[in-house]
Structure formats: structure tokens, C-alpha cells
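To keep things simple, chains are lettered A, B, C and D as they appear, and every chain counts its residues starting from 1.
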Amino acid sequence: KRRLFEVIFQSHTPSAKLFDIILFMLILASIIILMLETIPALGSKYYLPFKMVDFFFMIIFTIEYILRIICVKSPRKYIFSFYGMVDLLAILPSYLEFIFPQSHLLMLVRSFRLLRIFRIFNMVKFLDESRMLLFAIIRSFRKIVIFLFFVVLLAIFLGSVMYVIEYEHNPGFTSIPQSIYWSIVTITTVGYGDVAPMTALGKIFASFIMILGYAIIAVPTGILSSDLSRRYARKKISIRCDECLYEDNPD
Amino acid sequence: KRRLFEVIFQSHTPSAKLFDIILFMLILASIIILMLETIPALGSKYYLPFKMVDFFFMIIFTIEYILRIICVKSPRKYIFSFYGMVDLLAILPSYLEFIFPQSHLLMLVRSFRLLRIFRIFNMVKFLDESRMLLFAIIRSFRKIVIFLFFVVLLAIFLGSVMYVIEYEHNPGFTSIPQSIYWSIVTITTVGYGDVAPMTALGKIFASFIMILGYAIIAVPTGILSSDLSRRYARKKISIRCDECLYEDNPD
Amino acid sequence: KRRLFEVIFQSHTPSAKLFDIILFMLILASIIILMLETIPALGSKYYLPFKMVDFFFMIIFTIEYILRIICVKSPRKYIFSFYGMVDLLAILPSYLEFIFPQSHLLMLVRSFRLLRIFRIFNMVKFLDESRMLLFAIIRSFRKIVIFLFFVVLLAIFLGSVMYVIEYEHNPGFTSIPQSIYWSIVTITTVGYGDVAPMTALGKIFASFIMILGYAIIAVPTGILSSDLSRRYARKKISIRCDECLYEDNPD
Amino acid sequence: KRRLFEVIFQSHTPSAKLFDIILFMLILASIIILMLETIPALGSKYYLPFKMVDFFFMIIFTIEYILRIICVKSPRKYIFSFYGMVDLLAILPSYLEFIFPQSHLLMLVRSFRLLRIFRIFNMVKFLDESRMLLFAIIRSFRKIVIFLFFVVLLAIFLGSVMYVIEYEHNPGFTSIPQSIYWSIVTITTVGYGDVAPMTALGKIFASFIMILGYAIIAVPTGILSSDLSRRYARKKISIRCDECLYEDNPD
């Protein structure tokens, strides 16, 4: 049982690494299959093979889930942990599909299986580089969230103004929420073009919003750049100051 | 009266914080209601409930406005301050709507109520992170404005050239201002696609503009990154140089 | 004559500053008029007023040009300088228009008047911030140009591959140059949508190009950020090292 | 034979430089011709001249290839090297075209000639600035790849969610892979607009994805900026620390 725990939950021993890689492949394969099933041309042509592969993955991931519950010290803690819930929610839909094959909410239920993608997130997050990256992002997180909050407020304000300018002349600006959607599309420089200004004043105002979006994209980049630079700079100091007798290694 | 002033205008005491949070919620709710009203499907179906909620917010914000005038030392100064004007302009439309319900300029007048969004700006600007961010942006402000001025000049120039290239072959390039609008859409990498080059020469020139826009987006980012880094670096120096006897804290 | 030179060519005395501001306003006004003339609705309605204003600007700028030639030491040098050519080319079209009002190349000739925009560039480039900015951009110029050269090579390569993938199934990919235009639109994240991939393989490849463009936008920004930071860092060193006796100011 | 080797493979002597420049021009010309041939209007009109120019380049590059094999020490090593393969694959299609002029796979085969573009990459990579740039990119490469991997995972997840939201109401979201394509178009801020959300919930979710994409574009930029800054900073240290007796030049 202890060996099983090491193999499934840890990744230090060779057999544990092998288990991780095989599991990663299986999850990836099951996600790809799930996606291909939704393509109408493929979904109807290869209905039976897809069902069989689904069944195969259902068995595999059920066994894995049961093994995890068996070998863990506190099964309850695992079941109600985030990844425990993900594991369960990713298996359940397959069973529901077998029991209620004609369910109305079938697609919604099936989409839960895509939660498996979180397990890939979980696996790759242990890579060294991604940890450093995540660390830097988390440090800048609050600042970036506040910045984004300002962007959203700005988008609401500019979208509302644009609505007043355009709504009588442009069938695309049907309401303020629609207008805010447009202003977010514009300020983030995505620019679908499904809604675009038509009046002269609207185009002038839209140009202003675009230039604004072009300028403020510098803010999150500036925050992250200086935060990352600061981390390196701190390391640099600790190297240089070794003649100053005390190691300077805060945080 | 003094207690009232503390609760409404400051945010140190628990009751003042509670007041701020409730007001924030009310403003947010009133803005969301205003937006939903403009959706045609909702606006006609729930006409009466919307009117009642509008009336409710009108009463609430009128009381708040009167309380602010009462408890402030110099009511005149408050009324003619920026936020005093915002408060007033955000209430007035509701009354105008009651008096002239069939007004032609109704939508324009109603949109003034959206000015309340400035009050949310005012509230969140006291958060620590946003103050730091604003400080950095303000420091880089002049440089970024001058950069944007160059971008606009460039857009005017490139748009005019594009007009000469495209106007005979492309129904989208109807005039130079329209062509400048297109060049701003392109240089900021928004790219709606409502106007796009059609001639071979136009496409080559547009490609050049895109690559230019792709390169010069680096400028505002570079300015802000180095300004933010500089601020941190300065702090670093003042820490390190404490053995050099004098604190180095310019500007 | 000397006073005239000071007023027109320099900007230290109050009268010279006044002259600069008036000239700036006149150029700006003439450019705006030129643009408005091209709007079909306005151009035909106010044909006569526009002609009169054009005539007025023609007289004004001709006088200015003659004054410049008179007061400068070497008229020849001024005439063949860049801004001398710009001044001349911006006046000539007005005369050509009077002589050949029905010219075929009228629009091309008229567009030369927009060269006046260069004079605005010339005026604002003396601002302190813009000089610093230009300095930083010029320093990074070679690196950025080489980067852009790589981007163009990449766009040519990716566009050619995309042509092979899409040309049989998509009416938008008519030729390799058209396909390269598309890949530049995509890699710079402009994304008009006038040409978009249609085959499954094309969409996968396009996704790859987008993610590539999303990643390499970091390169010019990184170059400029580090160059700007370096400049500040250098200043920092020269301040700190004043105890090391020698000023450190390389390059 | 040795002189030939110097001229063809190296670039120190004047004749070698001349050879490089002429070859660069010829490759560039042949690529431009290849592209122009695909434009339907030109391709049919100037069929014969294009064929003749193709034939000319075929002869030239065949001679060059033979000369390279002759003068190199180990012809086998050259033939199976990356650039040896590129050279061969860029000539072969011309011969295949002569032998099977009506081939079905003609376009695919001809496109191989575009591999010549790699040779231009090879030539310019020796420029000093591009080497420095490449060095910085390579250093940040692993981090950026991991970042992009996260972006792709995120796009898969968000695209799948969007599919569940939109697929019943929007003819553009036909399958999950199509939906992922849309989410990549959105997250990278390209925004073609060929697929756009239509439901209210879809627009809200799309706004969230756009703002996310707008924020995380900061990550690769931040990584590269700080890496480039670090390199310069390190040089700075090694200069400053020459009084500390030992040169600090790690990695």
C-alpha cells in the first residue's frame, strides 16, 4: 500500500515517474478524443469507436480513482480536496451518460470530463521554470488585478459614452452592456469587427480608446518586468556584498 | 454633525468603513440597473420594476447628497468640487425624467447618471497598490503623452498616404479622416477589418504600418518598465549606501 | 534682417516663440482643412469656402517661404535642405491646382500639401521628453530593425507554408504575396479577418503563428526596456562611484 | 580548391564577401520570382519568361551546389547537414517539374524551393546584433516555451467552456477544436472576427478571456526584459568589481 502511494502520489522513484508519464499520456489522449468527438463530421462517422474509447478511459480512470482512495492515508481528505473533486467530476459524467443516454443536459455533463485538463496543469506546475514564473506572477498578482479592475471600470465608462454616441445610428450598439463588450474588444486591441463605430464622432472616440488601450498595455508589462528585475537584482546584491560580511538574502 | 462628517467623508472608523461599503454596493447596483435598462428585451418587459428601482436610487442618492451638504464645513466648496458636481449631475437626470418624461434628449440626460462610475474610481484609488501604480503612471505620463502624440502624427501621415494609394479602388477609404481612422486601427493592432486595403500597393504599405505598430508598442512599455525599475533601484541604493554615511534619496 | 532670422528660425526670444506658435496653429489648421475637403459630403457642399481658405493658406505659406529665403544666410542651402524641400513641395501643389484645375493627377499633387505634417514633427522634436525618447529609440534602432527583418523573413516563410495548406480550399489565399500579407496581419496580432484560414490544418497552423506572434512581441519591448534601464543604471553608477575618484562614463 | 572553399564557405576575404552578397541577391531574386509566379494574373500572362528565369536559377543553384560538394573536405557530411539538405531540396523541385510537368503534387513540390529562405536566415544570423538577440532569446527560450504551453492549456480549457456556452446558439462554434481556435485568436488579441460570441453569457466570458490575454501578454515581455537587463547588469558588475580582485563571469 505504501509503495502504491509512492508510485501514484509522488514522483521521485523511477516507477512513480513512469506512472506519471503514462497517466499524462492517457489524460492527454482522453482530452483529444473528447474534442474530436464534438466535430460533427467525425462524431457521426466514428460513433461506435468513440464510444468504445470513452468506455476504455472510463474504466482506466475509475481504477485510478479507486487506487488513489485506497492508498491515501485519509481518503476523506483526498475526496474533498480540489484534485479529488476534479478526479471524481471527470469520471462521473461517463457513468451518467450510460444511465441517461438521452439526457437533455448531456453536453453540459460531458464537458465536465474536460476538467481533466486541471490535472495536466497540476503535473506541469512542478517544473522548475514554471514555478519561478508562477512565483513572479503571484507576486505581481494583486497589482495586476487592481490594474485590470481599472481597465474594466474604464471600459464600462467608455462603453457607456460610446453607446450614447452611436446607439441611434448603428445597429451594433443595441444596449450599454453590448457597448461595454465592444469597448473591451477595442481596449484590449482584440478588435473582432463584429461591432464597429459608424458615425464620425464614434470613430474619433474609438480612435481615442484604441490609442489609450495601446498605451496602457504597458502597465502590466511594466509591473511584471520591474518585479522580475527586482528579484534578480536582489540576488545580485547578495553576491556582491560578500565582502560586507553578512549575507543579504531577504524574503 | 461632526460624527456624520467622519462617517461620510472619512474612512478610518468602523461605521465610516461600513458606510463606504454600503455606498459602493448601492452605486454599483444602480449602475448595473442603468445598463440592464438599455437592453431592449429587458427594458420593455420590466418597465415598471425598473422605474421603481430608479425611483428608489433617486431617493437614496438625494438623501446622501443633502447629508453631504449639511455635514461639510463649506457647502459651497463641496458643491463646486469635482465630486460634488458628479454627485449632483448623477441625481438631476432622475428628476428631469420625472418632469419631462417624453423629452427628446432623454437618453443623453439619462447617461449623466453613469457619472456615478467616477465615484467608484474615487473610492478604489485609495487602495495601496493602485496608489503606487498611479504614481508610476503619473511619473511616466508626460513621456507617454508625447509618445502618443507622435503616434497620432504618424497615423495622420500614414493614413493620408494610404488614402492616396487606395481611394480610387476601395469603397472603404472614402476620405482622409476615414483613412486616418483606419491607420489608427492598424497601428494599434486592433484591426477591426471593417476597412481593409484592397490594392497590392495598399497591402504592402499596410504590412509596413502593421510591422511599425508591432515595433513601436515597445516604446510605452519600455518607458514604464524602466521607470518602475528605477524607483525600486533607488530604494535599493539608499539601503546599500548606509555605510557611505549619507542617505541618498533624491526627488 | 537679423531680427527676422531670429524670429523665424530660432525660438529663444518671446516674439520667436509667438511666431512658432502661430505657425504651428496655421499648419495644423491647413492640414485639418485639407482633410475635411476630402470628405465627399463636405467637399461638394462647401466647395467655395474651402477654395478660399486654401487660397488664404497658399498666400500665407508663400510669404513665409519667401521670408525664410530672404533672411537666411545661404538661401541655396536652405532651399535644398530637407525642410526647405518640404516647404516648397507643400506650396507648389496649390499653384499647380490654379494653373491646371482639371488635372488627372490632381489628388496625388494635392496630397503633397500634407508634407506640412513633417514641419510639425520638426517643431515637437525639440521638446525635452521627445528628445530623450528619440535618443533611446535610436540607440535600440539597429537591434529593432534586425528583429523586424527576422519577423518579415518569418512572415514570408510562414505565409508561403500557409499558401500551400490553404490555396485550394480558401478563396482568400490567392497567391503567395497575399498569403504573406495574411501572415503579417496575423503575426502582428492585427487580425483584420478579411482573410482567415478555413481548413482544419490551416487553423492549427494559424494558431501556431498567433502564439508565436504573441511571444515574439516581447522581443522589441525587452530590447527597449533593458536599453532604457541601462541608461538610468549608468547614471546611477556615476553617482555612486564618486568615492572611487574617477567618473565612469563609457560610450 | 582551398581558395574555392574560402570564397564559398567563409566570409573574411573580399572575394568571399562579394560571393556572399551576390548569392544573397540571387536567392532573394529567386524567392521573389517564385512568389510573383503564384499571382494568377501574372502567372498566366508571363508564363514563358517566368519559366526561363526559373531555368536560369536552376542552373545557377545547381552549379553552386556542385561547387560546394567539390570544395568541402567531407562531401558526405555537408550533404547530410541541415543546410546541405536545404540546398538539395531547393534545387530538386525544379528538376522534378521538368520531368513531370503535369504532376498532381506540383504546387507542394514547388513550395520546397521556398526552403531557400532558410539560407537567408543562415546568412543574417552572423550579424552582431542578431547574435546578441538570439542569445537572449535562447536564454529565455525554456521559460517562454513553458509560458506558451500554459497559454495553450488555458486556451484549450477556455475554448471548451466557450463551446458549452455558445454551441447551441452560434453557427461559428461547431466543435471544441474550432472553439479552441477561437480562444487562441482571442487570447493572443488577434481577433479575426470570423467567429465571435453571440449569446450574452458568451460575450461576458469572451470579455474575461480578452482581459486575461491583455494581462498575460506581460509575461513573456517581463521574462525577456529582465533577462536582457540581467545580462547588462552582469557586465556592469564585472567592470565595477575589478578592484575586488577576481573577475566575476559566471555561466
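Criterion: a contact is a pair of C-beta atoms (placed from the backbone, for glycine too) under 8 Å apart; a residue touches a chain by one contact, two chains touch by 3 or more.
Remember, it's a predicted structure, so these values are computed and weren't measured experimentally.
When you average the Cα atoms of each chain and compare centres, the chain farthest from subunit A turns out to be C.
More than half of the residue-numbered contact pairs at C-D reappear in one of the options B-D, A-D or A-C, namely A-D.
To overlay subunit B on subunit C by their CA atoms, one rotates by 90 degrees, a value rounded to a multiple of 5.
As for how the two copies subunit B and subunit D face one another, over half of their interface residue numbers coincide.
Separating the CA-averaged centres of subunit A and subunit B is a span of 28 Å. Spacing of subunit A relative to subunit C, judged by their CA centroids, is 40 angstrom.
Multi-chain contact residues of subunit A (touching two or more other chains) are listed as 147, 177-178, 180, 189-193, 217, 221, 223, 225, 229, 233. The part of subunit A that touches subunit D in the complex is made up of residues 31, 34-36, 38-40, 107-108, 111, 114, 117-118, 120-121, 124, 127, 129-130, 132-133, 136-137, 144, 147-148, 151-152, 177-178, 180-181, 184-185, 187-194, 217, 220-221, 223-225, 227-229, 231-233, 236, 239-240, 243. Here subunit D touches subunit A in the complex through residues 142-143, 146-147, 149-150, 153, 156-157, 160-161, 163-164, 167, 174-178, 180, 186, 189-193, 196, 200, 203-204, 206-207, 210-211, 213-215, 217-219, 221-223, 225-226, 229-230, 233-234, 237, 241, 244, 248, going by the rule given at the top. For subunit D in complex with subunit B, the residues that touch the partner chain are 189-193, 221, 225, 229.
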